[in-house]
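In the two complexes below, subunit A is the common chain; its partner is subunit B in one and subunit C in the other.
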Partner chain A sequence: MKHAITLRIGPATFRIGSAWPQPIAELARLYAAYPDILGAIADFTVRLQPASRLRRYVRPSIFITGDHGLADAAPMSLAHGLLAAEMGMNLQMALGWRRHLLLHASSVEKDGRALVMTGESGSGKSTLAALLGERGWRLMGDEFALLDLDSGAILPFPRLVSLKNRAIDVVAQEVGETRMGPLLRATAKGDIRHMIPRADAIARMGHGAMPALLLFPRFGHDPAMRAVGRGEIFMRLTQASTNYVALGEPAFAALTRFVTGVPARAIDFPSGDAAIEMVDRLWEEHL
Partner chain B sequence: MPDLDAIKAYRRDVRDAVAVCTLDDLVLLYHHRSGQTHMVISPVPEILERMTDGAELTAAQMHDRLAQDFDLGPREEAVEEIGAHLDALVALGLVRPA
Partner chain C sequence: MSAALLVRSLREPAGVAGLDATGWNALIAAAKAERLIGTLACRLDGIAIPPAVRPILDDARRDSAREAQQALWEADRAALALAPLGLRVVLLKGTAYAAADLQAGQGRFIGDLDILVPREVVSAAEQALIGAGWEWVKEDAYDDAYYRQWMHELPPLIHIERDRLIDVHHTVLPLTARQTPDAAAMIADAIAITDGLYVLSAEDRVVHAAAHMLADGDLQGGLRNLWDIYCLLPETDRAALKARAAHHGLARHVAQARRLADAIYGHGVRLTLWDRLIRARLLARDGWGRETRKLLVFAFYVRSHWLRMPPLMLARHLWIKWRKGHRPQ
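Here is the complex of A and B:
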């Protein structure tokens, strides 16, 4: 395609092509600190192409496609080109990655051990990971945690952190404007702004950590903490994985090992500060 | 589909093997042949355990095997319930008609 960039995030390499220059220029700025891998062979291709020939110029409209595509993906405005590229990369991972068990979860690391947080969109797992990443933890990823089938370690996938609506200001205040992407207004998920992870998170994106604690966070409730049964944990993690079925028995072995070996809690919290206090307390208790 | 009402005896074949993981009161069964993961509770794991020798047996014979270790209550009701479990396991592909 006319405009293209190759990016490595954790173990995965993406080649993103675009019919327009803007999304690629935005990616180049936001991923500037990631390793230079010019000429690397990509695991996945993402293509941002006009929804029709006319839509290249008139009310430009992006259709996201690539090695793996969704036939009914709705076209997006060119103003949301960065989001389209990020969604395209997520889609390739979710549909095509086979080297690890992919969990829809955020993760951070401290003392050589990983904290994994999983939940629906809006649960606060991304925001919490972003905030912890500024307060003594290493951000490993806000969207996908990769569970190694042999070692049981969690491997990082520290793409840009995608922040939505109220979380945008909370995190922007913490990290400063230079690490924030453009504000994308009124997307299908509301306002979205991306955050560049800290340099140490990017430099150590090849280093995994053994999981020590699993949390099911829930934002917007009075502080509460409860145990979760292991059957429920297993079920929720299979639902949070896009490739559990495809990986077969090694995934069963890796996930049962994770569920039986890693303590888990559900936490409700009204604010980021409250959540961080709960996380720090739980971490002390479990290490 | 086999006519489940007609099944009189059941057996497990080596090809029906599952990997088992117990999580509290739930048991996970990974079925090698289908790649499916089943979540089951008592008495399903106990029934499957008593079929690992591959021998053919009826619901009544399964009742007698289980009764060695458990108090199953009135025999007729228990046999009927065990038969229903065995039929369900046939439908899942974990047990086959003998």
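Here is the complex of A and C:
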């Protein structure tokens, strides 16, 4: 395609092609600190192509596809090209990654141990991981945690952190403007702004950590904490994984090991600061 | 053209030694787009490849092994559901190749389960499958009626728990097609592989694959169908194949499939002008995995409808589909 870039995030390499220059230029700026792998052989191809011939020029609109695509995916405005590229990469991972068990979860690391946070979109797991990443933890990823089938370690996938609506200002204040992407207004998921992870998160994106604590965060409630039964944890994690079925028995074994070995709590919190206080307390208790 | 690179690599796996990163990216993208990545992975087994390519092919091999396992399980479940009817359940396409352990099944992508049963028992088979947990996918009354009146298969059924589709065929081509293959003879000459499960004879496998590719459809996935045919041909007796194709009224299609398979995956052969058009359509894929030659692709899409229906019926069908909001891509 006319405009292209190759990116490596954690263990995965993406070749992203676009009919327009803007999305590639934005990726190049925001991923500038990531390894330079121009011309590498990619695990996945992502294509940002015009939704129709007309839509290349008139009200340009992007159809996201690649090695894996969804035929009925809604086209996106070129103004949201950066988001389209991120969604394209996520789509390849969700549908095509086979080398680890993929958990829809954020993760951070401290003292060589990993904290994994899983929940629906809007649960606050991305924001919490972003904030922890600024306060003494290493950000491992805000979207996918990769569970190694043999070692049981969590491997990082530190793509740009995707922040939505109210979380944008909270995190932007903390990290400063230079590490923030453009504000993408009125996307299908509301306002979105991307954050560049800290240099240490990128430098150590090849290094995994054994999981020590699993949290099910829920933003927007009075502070509360409850234990979660193993059966429920197992079921919720299979639902949070897009490749659990595809990986077959090794995934069952790895997930069983994870669920039996890693303590878990559900936490409700009204604000980021309250959540961080709870996380720090739980971390002390479990280590 | 990266589809050309794909067929060259399937034909001569050792040739990949000369590829640079751009070449590999193009080859992998085309192989994934044509759903031949598992086949490619098996063909490149034992060949020196760059370290970055190894895990991609390992993933593809593992995926195809899982698909084969799932497909055989679906076949087993269908056989169990249909056992009370005491009929021959003939497996078709990918599941058949995996069940009979044929070369065409090596690394092959397998989607739905396709079975062939005698036309007179097709309603009983449908009832038996519904009793065993399959249900209709198509909600649309026109589509449902269309399938039942004109197609060579029932409307697709999906299993309520396993989420897998089954296509129950009672013949090889739509009833509106110009050729009328002898499905009863295919079933009569099918080969038992397990209790109740059968595959077509070697010759009928080629006839079926050629009919599917060249007498029906718009050549989407044509490179994969042709690879099947290329792998199935050596198992046939050439004279028997010719006679069998003639019996089914598909002599021309089978002869063309043989020419194309030889030209694209084999040692080369003289092609007619019409063969060359099909080859151009089959190879319409670029280094990003995108379809190229839009006009040619669209022409084959139009042809697929022309093959399927007489003109007046086609006009009515397109009108109904248009009103329901369907548009060609």
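Basically, the second predicted complex is superposed on the first by the 287 of 287 C-alpha atoms of A that agree within 3 Å, B and C clash if a C-alpha of one lies under 4 Å from a C-alpha of the other, contacts with A are read in each partner's own complex, and residues count from 1 in each chain.
Criterion: a contact is a pair of C-beta atoms (placed from the backbone, for glycine too) under 8 Å apart; a residue touches a chain by one contact, two chains touch by 3 or more.
Predicted model, so just to flag it, every value in this text is computed and none were measured.
By the touch criterion defined above, A:Gln92 lies against neither subunit B nor subunit C after alignment on the C-alpha atoms of chain A.
Of the two partner chains placed by superposition, A:Ser123 touches none, neither subunit B nor subunit C.
In the superposed model, A:Gly248 lies in contact with both subunit B and subunit C. Within the superposed three-chain model, A:Gly229 lies in touch with subunit B and out of touch with subunit C [touch as defined at top]. Partner contacting the larger number of subunit A residues, of subunit B and subunit C: C. Residue contacts after overlaying the shared chain place A:Thr13 against subunit C, while subunit B stays out of touching range. Look at A:Thr238: by the touch rule set out above, it reaches subunit B but stays clear of subunit C. Applying the stated contact rule after C-alpha superposition, one finds that A:Ser106 touches neither subunit B nor subunit C.
Of the two partner chains placed around the shared chain by superposition, subunit C is the only one that A:Ile41 touches, whereas subunit B remains out of contact.
In the superposition on chain A, the residues of subunit A contacting both subunit B and subunit C are 248.
Residues 21-22, 24-25, 28-29, 32-33, 50, 52-53, 55-56, 59, 62-63, 66, 288-290 of subunit C are the ones touching subunit A in the complex. On the side of subunit A, the complex with subunit C involves touching residues 1, 13, 15, 17, 39-43, 45, 47, 49, 66-67, 96, 98-99, 246, 248.
Every residue of subunit B that touches subunit A in the complex is listed here, in rising order: 19, 21, 23-26, 28, 30, 32, 35, 37, 39.
Interface of subunit A with subunit B (complex): residues 229-231, 233-235, 238, 245, 248-249, 252-253, 256, 259-260.
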